[in-house]
């Protein structure tokens, strides 16, 4: 089967620094895959390459088998590659209702429509409410995003991505900074994502990774260090060494 | 799905585009001035045109977050287009208006590529530079624009062949009012549309806007072009109602004044431009007839006080009132360069 | 009444009102709208004219033909469309008998059609481009016309034996006029001219001075707005051009009496042509200068001031003749007026409504510790050559 | 040819001294102080008044041209500016434009609208011939003074304790405060210093640029161009930008006078389109 997302020999250099070093990576259809690595391993750069925020120095990115290496970020989103951000990237002056609404309209191709009022069509409203319900946001629909509790903002962060109907979802440390009390709500929401969405979880928190992922890739110094099932990775002494900062002898 | 939630959401969105009482008050008052303030039509005409101009700036600053210090480039191009068209082709005002709109839209489209990238301070200076260059071109093309002496001999035919421009500025005011109102209606549709909403996402967070599939650059190009067309039409209105065009239509002070007025009136709710123009021009008129030489001091003092005690509080009566009636929080001040 | 008809009637009635507004309606007071640059870079023009106009009224009484004269002073803000709107409001709302002032050419040109439309006399007291008076039959000018000064000056300079002159003018209407008329007359008398133009907003003249020096001319003619001229002269001297045998000459704008004294020694020896100098040797002028200084706390009147003073004189004399009526009658009454102004003999050309006056050739000298433009040659009764066909 | 280059450099130097204060407030303190020209004007007027009314020689007025605007800046900073540090930039723009309006009218009222003139001492007038190149003495003087200033400023910023404190305060106010730095005092001192520099620039530049009440508006564009083209992250950026613009402007006007006015704006647009953060800012 064609992988949902694949990179072939992906390289990104910043001047002399190699941030992504010849990464060839496959995300299978419907996967629950985690990408881990110590700080500075190049996880964020890798995500930025996948979503098109950065252009790779070399290599290819295939989305459902289609080469999207040169494609603009918004067009990748239209093809189903959607991400969330490690640090909330929301629209401070808007409400969750508007935020989800704009994502839904955009996905339905209404984004350039300048004559009909936003939310004029019933199916848009239906979908907004549907998503808000799924992400426990119905009680704060009309509040300003900047005044929401952090946990709610975090949920909104994922809800917005979900509103884009992803086929491949990149979750960048979804639980980062979420207070313990709200954590469960968030994690159960993530776990309940439909099975036809392939998920790549970029994470620091090993507990979360082990509970969610079925496969794990380890990124070290920009290069793919190893890959395997949860069991393989959790028992791999080299991975442990990397995380403990010890030198690894291959 | 809980139908109650659905009802609330639908109502919330519907409220966004419903007309609020204060909006009716505003436009009815503007209309009533046709009969009630006959001796003020000249300045009202100027305020209306400036208000329209400021509204066009609001479209890019208030909604899309593009700060411009060269918006007069489009205003000026519109004014010159309308003036030259009247001299060389025909004095029909509506044709001139349309042509001016198209010309400025064209310039807006071309120059929009210059403002796509870049931080706000750079945008301010690039737009400023474009306007300065254009002003210099207008100065040098003396055969076409009249250069520093101004474009003379503009005669405008009666509107629709019937309404002649009179010396009291009555026709002028009614004309500007109608054109401004129609353009306002379109702008109002535009800002509540999905397109308008997507602009606000770009203003708030372009990175995320792109990550939900919004083609950021295209949207910015589109709104910049529309705003340029609006500014061009405002310029054409000025050229037609004063039947003269001089280099100051494009000068820096016009760009700066319109930015001032918009900020005074508040950004992001379309009326800010009109309110700001009314306050600024009104004050200027009153104070300068009281002290022709030192009125700038008092205007300056008012600006300083305005900022010190907080523009939001000063605007409370108008802006929050309007906003509350429109069912959304008070318009927030926007930043030019971004807060640290 | 339909709305259209309403507007039409309103407009018609309004126009009728404006026709008589100039005369019959102004029963007890004669209002004169004075629109001047009171803020911005040309403030000194506004101050001079306003002070001189007030001085004239103080000296000659505030009544003419039994009616009280009142000046309404407005700031033009330096913007053409605002100036026009203010003039329009003065005509429509304040029902002024005449509008006056106008510091800059585009502002005057923007307002000219209004004067025609409302049949309101418009006295131009500063703006000096030739075409202004041709834009409306209601315009009378009491300042000067650029060709009137630059043309004869070109001729005079040629007659002094100079062969090659570089002109440096600011890139706007009056500058172009100076360039054209000086060049034409100088060439006609056998000289050779190189023309350079400087942007209006230009802080540093060094590149232009360098370019001018490269031509090694006998003289360098300069025309820049009053005030900026100082910068020019300083940089001229700084580059040592004064010692290189190049004579700096100009129209009197650069040695404006208002600032001449503060320019300092760099101005010494500068030869200029103009219609007014505060040092003009006549009893009228001595009285005027003294009264002006007294009224303004020591300010020396310049050519703007005298134009304001004479503008009021023209209006007063005209109003006397029409017995206080405005409109076309007032313009006709002002045509052909002749009197001895502080600047010397002057008159209003009945054909062009423009000014006829002497042009003086002057040299900057130190007199009693102060710098003055000392007149040493006179070209009498110069008409505007651009209209003398 | 070399004379043109020389003139351009001198012109650029004047621009730099005028603008570097702005690059400090805008770049380091992130405050859009459009009223920067007001302080420059204050310096120019201080110098002119002292010279013309009190007969103080030109050089002796220069310290006052620095100190008076600095004091003036300090007072304004303590009373007004500091309230606006955390306000949106549009508020700062509005506020400082208000200040410009007020200052123009006030100076006009007090001093009159006529230009103020500075008389140079004899030894700074005229020009000398150096290896066939005509060098204006005053312009050489400006180049020397400004060069010293640039070096001194860079030293202060990078080598002194105050410079370190300032950079710390700018990077993160809270952390700096935690380290025991009195950020409010540092900002006040910096603002006063920037105002003083502007004043010095006003006094030095008055001879070349002229000085009248409209000064703050007339040269605002030039300040802004220098600061944006140079970038706001350092002082060397604006310095080289000033030189570049000065030379481009003077050379442009000399070689293609008809296009003279376009040169400086075109340079700015091109630079900012390709380097929105300024010419001399290292790419991220």
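Each chain carries a letter (A, B, C and D) given by its place in the written order, and its residues are counted from 1.
Here is the rule we go by: a contact is a pair of C-beta atoms (placed from the backbone, for glycine too) under 8 Å apart; a residue touches a chain by one contact, two chains touch by 3 or more.
Bear in mind that the values here come from a model prediction, so they are computed numbers and not experimental data.
A.B. asks: Give me the fewest steps it takes to get from chain A to chain D if each step has to go to a chain it touches.
C.D. replies: Counted as steps through touching chains, the separation is 2.
A.B. asks: Comparing centres built from CA atoms, which chain ends up most distant from chain D?
C.D. replies: Comparing chain centres, A lies farthest from chain D.
A.B. asks: If you average the CA atoms of chain A and of chain C, how many Å lie between those two points?
C.D. replies: Centres of chain A and chain C (C-alpha means) sit 72 Å apart.
A.B. asks: Just the number, please: Cα centre separation of chain A and chain B in whole Å.
C.D. replies: Once rounded, the distance between the two centres reads 40 Å.
A.B. asks: Distance from the CA centroid of chain B to that of chain D, rounded to the nearest Å?
C.D. replies: Roughly 33 Å separates the two chain centres.
A.B. asks: Which integer distance in Å separates the CA centroid of chain C from that of chain D?
C.D. replies: Whole-Å distance between the two chain centres: 36.
A.B. asks: When you check chain A against every other chain, which residues touch at least two of them?
C.D. replies: none
A.B. asks: Which residue numbers or ranges of chain B touch two or more of the other chains?
C.D. replies: 136, 139-140, 293-296
A.B. asks: Out of chain D, which residues touch more than one other chain, so two or more?
C.D. replies: In chain D, residues 104-105, 108, 258, 261 touch at least two other chains, as defined above.
A.B. asks: Considering every pair of chains, which are in touch?
C.D. replies: A-B, B-C, B-D, C-D
A.B. asks: Quick check on the complex: what are the chain B residues that touch chain D?
C.D. replies: Residue list for chain B touching chain D: 67, 114, 117-126, 128-130, 132-133, 136, 139-140, 252, 256, 259-260, 263-264, 267, 293-297, 299-304, 306-308, 311, 333-340.
A.B. asks: Under the touch definition given earlier, write down the residues of chain C that touch chain B in their complex.
C.D. replies: Answer in residue numbers: 4, 7-8, 10-11, 14-15, 18, 36, 38-39, 43, 46-47, 73-75, 77-82, 84-85, 88-89, 91-93, 105-107, 109-110, 112-114, 117-118, 129, 131, 135, 171-173, 176, 199-200.
A.B. asks: If we count contacts the way the header does, which residues on chain D are in touch with chain C in the complex?
C.D. replies: Within the complex, chain D touches chain C at residues 3-4, 7, 11, 52, 104-105, 108, 112-117, 119, 125-127, 134, 136, 138-139, 207-210, 212-214, 218-219, 222, 249-254, 257-258, 260-261.
A.B. asks: Per the contact definition, I'd like the list of chain B residues that touch chain A in the complex.
C.D. replies: 1-2, 5-6, 8-10, 12-14, 16-17, 189-190, 192-198, 200-201, 203-205, 207-216, 218-219, 222, 329, 332
A.B. asks: Mind listing the chain B positions that touch chain C in their complex?
C.D. replies: Chain B residues touching chain C: 38-39, 42-43, 45-46, 136, 139-140, 142, 147-150, 152, 162-164, 166-171, 174, 238, 242-244, 246-249, 253, 284, 288-289, 292-296.
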